[in-house]
Structure formats: structure tokens, C-alpha cells
Amino acid sequence: MKAAVVMGSVSDLPVLEKTIRTLKNYGINVDARVLSAHRTPDEAHAFASGAEDNGIEVIIAAAGKAAHLAGVLAAYTTLPVIGLPVKSSTMDGLDSLLSTVQMPPGIPVATVAIDGAENAALLAVQILSLKYPELKQKLLDHKRSMAAKVMEANQHLQKEIESI
Amino acid sequence: MKAAVVMGSVSDLPVLEKTIRTLKNYGINVDARVLSAHRTPDEAHAFASGAEDNGIEVIIAAAGKAAHLAGVLAAYTTLPVIGLPVKSSTMDGLDSLLSTVQMPPGIPVATVAIDGAENAALLAVQILSLKYPELKQKLLDHKRSMAAKVMEANQHLQKEIESI
Amino acid sequence: MKAAVVMGSVSDLPVLEKTIRTLKNYGINVDARVLSAHRTPDEAHAFASGAEDNGIEVIIAAAGKAAHLAGVLAAYTTLPVIGLPVKSSTMDGLDSLLSTVQMPPGIPVATVAIDGAENAALLAVQILSLKYPELKQKLLDHKRSMAAKVMEANQHLQKEIESI
Amino acid sequence: MKAAVVMGSVSDLPVLEKTIRTLKNYGINVDARVLSAHRTPDEAHAFASGAEDNGIEVIIAAAGKAAHLAGVLAAYTTLPVIGLPVKSSTMDGLDSLLSTVQMPPGIPVATVAIDGAENAALLAVQILSLKYPELKQKLLDHKRSMAAKVMEANQHLQKEIESI
Amino acid sequence: MKAAVVMGSVSDLPVLEKTIRTLKNYGINVDARVLSAHRTPDEAHAFASGAEDNGIEVIIAAAGKAAHLAGVLAAYTTLPVIGLPVKSSTMDGLDSLLSTVQMPPGIPVATVAIDGAENAALLAVQILSLKYPELKQKLLDHKRSMAAKVMEANQHLQKEIESI
Amino acid sequence: MKAAVVMGSVSDLPVLEKTIRTLKNYGINVDARVLSAHRTPDEAHAFASGAEDNGIEVIIAAAGKAAHLAGVLAAYTTLPVIGLPVKSSTMDGLDSLLSTVQMPPGIPVATVAIDGAENAALLAVQILSLKYPELKQKLLDHKRSMAAKVMEANQHLQKEIESI
Amino acid sequence: MKAAVVMGSVSDLPVLEKTIRTLKNYGINVDARVLSAHRTPDEAHAFASGAEDNGIEVIIAAAGKAAHLAGVLAAYTTLPVIGLPVKSSTMDGLDSLLSTVQMPPGIPVATVAIDGAENAALLAVQILSLKYPELKQKLLDHKRSMAAKVMEANQHLQKEIESI
Amino acid sequence: MKAAVVMGSVSDLPVLEKTIRTLKNYGINVDARVLSAHRTPDEAHAFASGAEDNGIEVIIAAAGKAAHLAGVLAAYTTLPVIGLPVKSSTMDGLDSLLSTVQMPPGIPVATVAIDGAENAALLAVQILSLKYPELKQKLLDHKRSMAAKVMEANQHLQKEIESI
């Protein structure tokens, strides 16, 4: 099982750490790299064209501002491409979101929330779980663990509320 | 191969025809239904919980306004859920888009463009193609066919431009 | 008199303290809990379905981002549900607001301002005051107290202005 | 049982017909009137101040653009005020929504969706049902009827889908 | 010459200091006060109705969020009312701006920029200068002084640029 | 009494007819002209610089898109300049509004609603009424007439409502 | 003198006719073609990489939605690339604008207004006029002709206004 | 080779340092100055009208809020004008962007990203490179250098990722 995590700039790494860690937790090999749709178009082209042959099964692409990266990779592959819009210094991520999600007919990008680093990874795992059923149980465990944490938070909450 | 296409209201069918037709063109069985996160929460719950047991491998959920449908289904399954925001009579689809894509950590929704009916289907096919490699060739053929159509349009364009 | 205060995440508690304190000041019993439309859908379902039988008369639901919580609870009850959109790290609360207020026909959510914690409580009190007229006087007192504070601020202001 | 339906301009009536009809269907007396926060401020003041004495138990206020009506009425009463933002010729209703919902602390307005005429009425019914339990059954019937309609739509849908 | 400066909350004073100081610099008497369209509607009504009789010739009203103050004062007077939208903790002032400027036909509010404290005062001076021509020269002097400052900044700039 | 009505393009005339008619109804002389901040900058400069000497006492400037007209005229005069943002074919008037209202410190523009043609005129009348008190009575009459029309609409409304 | 006019889809031709006609009026050779950043990435790459060798001196790229075309071409050339955001069926062109203009450091796109077809051509002419001074006079003539048309419109306006 | 860098306020200098430094790095003479469309309209007029005669070949204009500067300069010259929208204290730069880019037909402004200081300079260099081919090689070198930096970042990234 192998997923690529591509970022438009190395400055996006703090956002993407969560993505990479989550994928690793599910036992998925991660091919992480910096590739820019605009500064390294040839490398982006080569990467996306060869991704499948290199064993990559799903691509996560994170970029900010006029975020063309996910769309440009999707143009060169039929692998599912997950777009992760990154909030930049202006426009609060709206530019990244619209540039990523509003793809024209024919070339979809599976877009998650602005800075939704964990969800990008979980979506990749869900997609891979169709082919690798062993991931299913882990996803279910995660769902249960999330629910359990909410229930635990409840107990904590009851004490907090006493003092309000 | 089986995909579910769920719509929040039967009035969304004109948007979704393209989705269903595209899936069928790829030989994918379609389980289409109307389910509302708000008006039929129990049915939505039952559908999503049992989707995997019913052979469904990917879910496309289309809704407008405060579009909770995709997120609510995703809460009950570990299958990949594709969210298709539908433009409604106000806010030009921005409400549907944000309600679909801005999911909190833990429960991703793979969001496509507002009214991006064809792309919702193509994303489902790409996801299924990991498990069913026979879809790959069709996806490649479609990519080539799109490129060919653009090139054909070019020839048409040259004549049009003469007369400008 | 009993109101529920439900939050999508325990991290929303700082916003909701004001809500809970205001309700308590009016002598209303508060059932506060963390419930997620996405991470604990079954618990959310159970809570909303049983709310009325548990003596709850109005529900306040606070959530951020794709804020489905209020709408999901409203799907399972005929009690009035007050939606409190919480500002999250991107989009300045616009996503929370639209996801909460733009409900489709049939399932209303009574939405207050982004981070409008006190108003969520006051709206609950106004609603309860129809059945419990003893709350009316307190609401009037609060209105008068607010007016008095504005008038007091005026006196303070006159001194400040001298020195400008 | 009595609800007021106040509109900022008689041109809002087409939107509000659904509100009035829904209230009547639940057996609620409707006091409908045109009142402008800006053109008839004295009448708006007099109406809101005397609403409770006139037997009104909940107020629905619909207005567009810089929609001050709901907020201005709420300033003069402790009755719950439901704000219905009306889409006008520019800004797609965003101005109406923000002017209605973003109320400052102390004076809540229970805001529903832009042009959410039916939901304004249903919210009023839910609020009244706390005091008048006979409305509860009707609300439940409505919920069931909505669900039944969705299920019926499903049967219709299956036929439609055959031909796609 | 007398202008009123009305603020929705004393917390708006830091923004309005510039307004008051500018008016004083032009020799205009300032009647400053806190008045809330929602918390002190009667006082707002009384103030606006009596403003002209009290010698006030122009009103500046500053408010944030669902900023109804300027519009509500304008409803009760035929004096020119200048609306100053104040940025609050969410929505970056867009709510204040739209609530102030998008007034319905019949009741104008002369709106300046979000947090445009100095311009609110200068606009008041321009308006008063029609009646009090002695203000004209001061306005021209200010225009010249602004231009001179820009030209001075240029000289400073040339030095700064050397070192880039 | 003389007001100028300046439009960025003759295509704005349908919006401005209401402005001109309203000014005439108040007995104000109207100097109407097309002037573009971008296409006729010299004429705009000459007009604004000489406006006061030509007896103009207030300027209404209407423009769409990147609406610089009001600001550019305001740069050349100390007369009050009223900005009327005109909705154009995209962005629903938001570009016109922000370009008109968000003026930097020193040069105010009194902005009215998008397409707020009547209010631009009424604001001009209010401003002129400081110097020409004979306008006051007409403004009061107009306020009363608006209120009367609302009250008449009410009678009409009562009949309409019977049949709902 | 040669400019390329590239459109993401042949459906953009109606918008671009004005661009092509304007360029031709200035005696500029036009290389027009349909190229999609997503459907024909190789052709887009080849076109942009070879543009300079083919005598092209400036590129105009028009696209809608997640409009990556201008940015993708700019990645492969050092020629100036003018981006023309095209309004599509949702979001009123805001998605096209942000996707075109918000380019990351290193790869600029010279963006004009949404659907600003004529300005895209005029900007190309201005750029070319640095190298081809014979274009300067034509640009000046156009500026004068625009001013003359505004002045003519004024004469027409005066007659129209009589009858208001 | 000479470019002008014009800023609406000296407070924009920190943003523009990058612009000036980049131009200098390409060996382009920089004429930098503060000019306000509103506070020094005559100087802005004089500057733009005489720019070409003063050897200036391209103008970069930076401004915030209702950013009229680029458009006003473009009205007085046929040189290409690059607009650089500067983020100000409210609206996150959206006002600056729309005021700069949404120019009416006839007067284009080549707009770059909000705070896109480096790209404004690079666009100027690209434009100048048509006339001064010696700039081409430097632009290509810069493109290669950017690509090389991305590739270097990749090596750094691989180490970082080990530890996640």
C-alpha cells in the first residue's frame, strides 16, 4: 500500500505532518515530496505520469493560494487525487479551496477541508480499504476510538460545568 | 462493482442524471435513492450503516443549502463518501460547498465542484479502479477522448476565427 | 425548566461557558454534553430522540466548520433547536453560520450570531418564558439592566471625551 | 395561540404566504402586518411593545437588504422573535442574513434560512408547542409525512432511473 | 456648529476618538453618547427625534455586527446620518458594512469605510461646510497638508530606497 | 440649490433616472453628466475642481465594477460626494460597493446601497436641507407619506391574507 | 507582432471574440487555440514551451472555475501571460478570478477583470507597444476616441434628462 | 530599462521592498515614489502623463482598500500598469483586489496577487524582456533556480519525514 503526499512548498510541511503520520499509523507507505505546478512543472508532470508505475495508489496534493497542484497532477493520471487546500496569508483559504475544488468536468479532485490534514489521510485510507480490506478494521477502530474520546470528554465536561 | 447515488431531494435528479449515466457507462451498478439527513434520518442511518453489507463500495451524496447529507452518511460508514454540493436558489452554492467540504477531523468527505455531477461519477470510477483494474483502460480512453475533442474543437475554432 | 447545551467538541466549552452561566442565572437546569454529529452519531440520535422524555424543553447546539450538529439534532426531535455557529480557524465562522442557518424546508434551526453564546441562552429563556411566565420579569429586568448600563457608560463617556 | 407575521414591505408577501399558510394549518391565529423599522418606526415600536398584551406569543419578522426589522422589534419585547432574511435584488440575501443574525449580546433573533418561509412558521410552532402540547402531535405527523414523501419519491425515482 | 457622535457600545470609543478629535479640530461642538438601537431603543428614539431641536446638524453613528444604529436613528430624523461600520470579532466588518449601507429606499445612511473614523468626521465637516463656509478653507488646508505630507514622505522614501 | 449627478457610463442612466427625478421633485437643479474616472480623467478633474464655482453644492457619482469615480471626484473637491455603487454583470455589486466605500483616510465618500438610486438623491436633499431649511418640510412630508403608504399597504394586506 | 489567445474550452469563444477582434484591429497576428490545462496538459506544455520560438510575444489565457490555464502556461514560458477569468455557472466568477490572480511567488499572471475580454487585448497591445512603438499612436487614438464617445454621450444625455 | 514603483502610502514600503529589490536584481532602474490617487491627484496625473517622456516603460502601482491608484495612473498613460493590491486592516485584501482588477473596458490594469510584491516585479521584467532580450536569460535562470530550490527542498524533506 502506497500513497504519495505532494506539497507545493516545503513551508506546507507543518500542515502535512498530521497527514503523513496518519498514513503511517495505518501501515501505508508514504512517498512524500515537494513539487510545484508552477516552479517544477516538468517534475510534476513526470511524477504524476509515472505514479502508478511506481506503485502509488492514491495521491494527496496540498497547496495554497491559486492552488493548481492537485488539478495539474490529476491531469496526468487516473489515480484518485485528493486536494488539500492550505490557508495562506490572505483570503483565509477561500482562494485555495475554490482553486482546488472547482475543477471542470472530466478531471475530478477529491477536496477536503481547508487545512484538513488528517482528513486527507483518512480519505486516502478509506479509498485504499476497498482494495485492502485489512484497513477496514482499523478504520472502524478509529471511529470507535473517536466516539469513546467524545464520551470521555463528556465526563470531564460534567465536572467543569459544576463550577460555572 | 456498485456505487450508491444518494440525493437530498428528488429535485436534484436533473443534476444527478449525468452522474448516474456516467457510472453506467463504466459498467458500474447504481443504487440510486432519495434520502434526507433531516427528513429521513433513520433511513439515512440505516442505509449508510448497511451500505457495505449491501455491496456498495462508494457513496455519492448530493445536497444543497446546509448540505449535511454527505457528512451524515460518512458518520455511519467507512466507505469513501463523495460530496456533490448542489447550487440552490440563494448563495450560488457557497452554502452547499462549505457545508459539504469543511468537515471536522475524523470524518472526511471527498468534495467535488458545485453541480460537478460528472466529476462525482469519475471520482467514484477512479476510486473503484484501484480494486477493479479493468476500469483503468476506460479511464485512459476517456482522458484521450477528452483530449481529442479539444483538438477537434481547435479545427472548428480556426474557421470561426477567420470571420472575426 | 430544563435546557440542553450540546457542543460538537469540548474545545467549544470556552465559548459556551457564557451560555451555561446565563441559563443558570435564570434558574434553568442545564443538561450539558459533548455530542458530535459525525463522531457519535448514534449518541446524538439517542439524545435528540429522547430529549423530550428526559424533560428537556429546548436544545442549544454549538458547532464549527461544516456545523451539522444543530440540524442533525433537529431531525430527531420537535423541540426547538437553537444553533450557535462557532468560529473556527478558517473562514471566520462563515462556514459554521451557513451550515447552521441554511436548513432545508421542514427542519428549522433557530440560529444566533457567530459565537453568540449569551444570545443562544437568552433566546432559550425567551422561548421557555411562554410556558413559564415567571421568567418574563427576569427578562424585563435584564433589558432594563442593559439599558441602565448603557446610560452609566454615557456618564463615563462624557469624562473620557473631555480629554480628547 | 397567536403569532405575528411582520414584513418590511408588502412586496415580501409572496415569500410569506407559505409562512402564513403553515401557521394556519397548525391552527394558529395569525396577526399579519406590514411594518418598517425605517419608514414606520413608531408603529413598529408600538406594535412590539404591545404585542404581548395583544395576545401575541411569538413574532416572525421578514425583511431584506439591511434587514433591521427583527432586531428592532426584539428591542421592544421579550417575546421570541424569529428573523426571516429575504433575498433582494443584490447580494443574494447575504446582506439580509448578516443584518438579521449577527445581533449583539442581549437581544437575540432566532434566524432561519434566506427565504426560509416555511421554516419560520415551523419554528414558531415548535416554540408554541412547549406551552400548547396539542401541537406536538401535529409536528410529529408532519415529520412522518415528510419522511413518507421522501420514501414515495424513491419509488418514483427508481422508474426514472431505468431510463437514464 | 454641532455634530452628534453616537456609538453602539462604549467599547467603540477607541475607534471613535479619531472622529471626535477631528471634529473638535474643525471647531465643531460634539455631542457624544452611547446609544444602542437594541438595548436602549427608547433613548435612541428620543435622541434622534429631538436631535434637530437640540441644535445637532449631522449625526455620526458607529456600530458593529448587525449594525442597526445608523438606520434606526435615520428613521427618526431628516438630518443627514453618517454610518460608520465597526469591525467586530468575526466577519471582518462585512456584517457591519452591509447592515449599515444596504438601507432600503426612503431612509439613506451615508456610509464610510469599515473603521473609517477620520472620514466619518471629515464627511460631517464637508456637509456642514455648505452652511458654514468658514469650514471650507480648513478643508482645503487639510487637503493641502495631506498632499504635502505625501510629498515629504517621498523625500524620506528616496533615502530608504537607496539601501534596498 | 444645485446638485450634480455624474455617471461613469450612459448605460447607468436607467438606474439614475430615479435619482434625477427625486432631486427635481425637491426643486433642486440637476447638473447631470457622463464622466469616467478612467476614460475622461481630465474632464473629471476639471468638473470636480470647478464644481463649487459652478454653483454645485453636492455631487452624486454612480459607477460600477472598480468604481473609482466618486473617489476621484472627491480628490478634487471639498464638496460632499455621494457614491452610488452600481451592480454590474458579475460580483453582484460587491466590487462596486467596496471600491466606493473603502476610501482611505482623508477623502470620504458618502456611500449608499448598491443601486440605491433614490437614497442617493434623498441623502443629497438632507445635506442641502441644512442650508436650505425649506427642504426640511418636504423631507418630513416624504417621511409621513412613506409611513402612510405602509399603513395603506396594511389594509390591502388584510384582504390578501383572508384568502391564504 | 503576434499574440496567442488560448481558451480552456471552445464555449469561451463568445467572450473571447472581442479579444481577438481588438487584437486584429491593432494589426496584431493572432494565434488562437483551445487548450485545457487538465484535458490536454501535454499540448498545453508543448504550446507554452514553444511559444517564443513560434514568434508569440504575449499570451492571453481565458478559463473559468478552477482556472489553472494561465498559471500552467506561465510555468512553461517567460513570456508575459495575461489571465482572463471567465464567469461560469456558479460563484459569479470569483472562483475564476482567485484561481487566476492568486499566483504564488515566482510565476506571475497579469490578471484582468472577470469577462474583461477587451482589456485583455488592450493590455497585450500596451505590452507589445514597448517594442513596437507604432502601436502607441493607435493606443492614444483609442484613448481619445473613448473620451470623445463619453463627451458625445453627454450630449445625448442632456436630451434624455429633459424628459425625466 | 526603467520601471516606476508607485505606492499609495509610505506604509506600503515593507511590502514593496521585495518588488524594488527584484527589479534591481534584474538591472532595471527604479523610479520609486509615494503618490496617492486621492491625496495627491495632481501629482499622480502629472507623473502618469509624463512617465513615458521620463523614460519609464512600465508602472507598478500598489495600494490598499478602495485601491484606485493603478486605475487612475492607467487613465493617463498607455504604458502597461501593473496593479498590486495590498492587504489592509479589514476585508483581508478583497477590497484592494476587486478595486484594482475589476477595471471597466478600455483601461486595463495587469493585476497580481494580494501582497504579490515579487510577482509584480517579475511581471514587469517579463514585459520589458520583449524589448530587452538580455533579460530573457536571467528570467530563465530564475526559473531554473526556483526549480533547483524545490528539488533541494525535497532532499531536506526526506530527512524530516523519517522522523514523523
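Residue numbering begins at 1 within each chain, and the chains themselves are lettered A, B, C, D, E, F, G and H in the order written.
The definition used in the following text is that a residue touches a chain if its C-beta (ideal position, glycine included) is under 8 Å from a C-beta of that chain, and two chains touch if they have at least 3 such contacts.
Because the structure is a prediction, the values reported are computed rather than measured.
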Contact-graph separation of subunit E and subunit G, given in steps at minimum: 2
Of F-H and F-G, pair with higher C-beta contact tally: F-H
Centre-of-Cα separation between subunit D and subunit A, whole angstrom: 41
Geometric centre distance via CA averages, subunit H-subunit C, whole Å: 47
Euclidean distance of C-alpha centroids - subunit B vs subunit E, Å: 50
Centre-to-centre distance between subunit H and subunit G (centres being mean Cα positions), rounded to whole Å: 19
Per-residue overlap in subunit C, given as positions that touch at least 2 other chains: 9, 36, 39, 65-66, 91-92, 94, 101-104, 106-107, 109, 113-114, 143, 146
Chain pairs in mutual contact under the definition given at the outset: A-B, A-C, A-G, A-H, B-C, B-D, B-G, C-D, C-E, D-E, D-F, E-F, E-H, F-G, F-H, G-H
Of subunit G, residues touching subunit A in the complex: 8-9, 36-39, 41, 45, 64-66, 68, 71-72, 74-76, 91, 94-95, 98-104, 106-107
Residues on subunit H engaged by subunit A in the complex (per definition of touch): 87, 92-94, 113-115, 143, 146-147, 149-151, 153-154, 156-158, 160-161, 164
Residues on subunit H engaged by subunit E in the complex (per definition of touch): 9-10, 13, 17, 20-21, 24, 30, 32-36, 39-40, 42-43, 65-66, 89-92
Residues of subunit D that touch subunit C when the two form their complex: 57-58, 78-80, 82, 97, 101-114, 116, 118-120, 122-123, 126-131, 136, 139-140, 142-143, 146
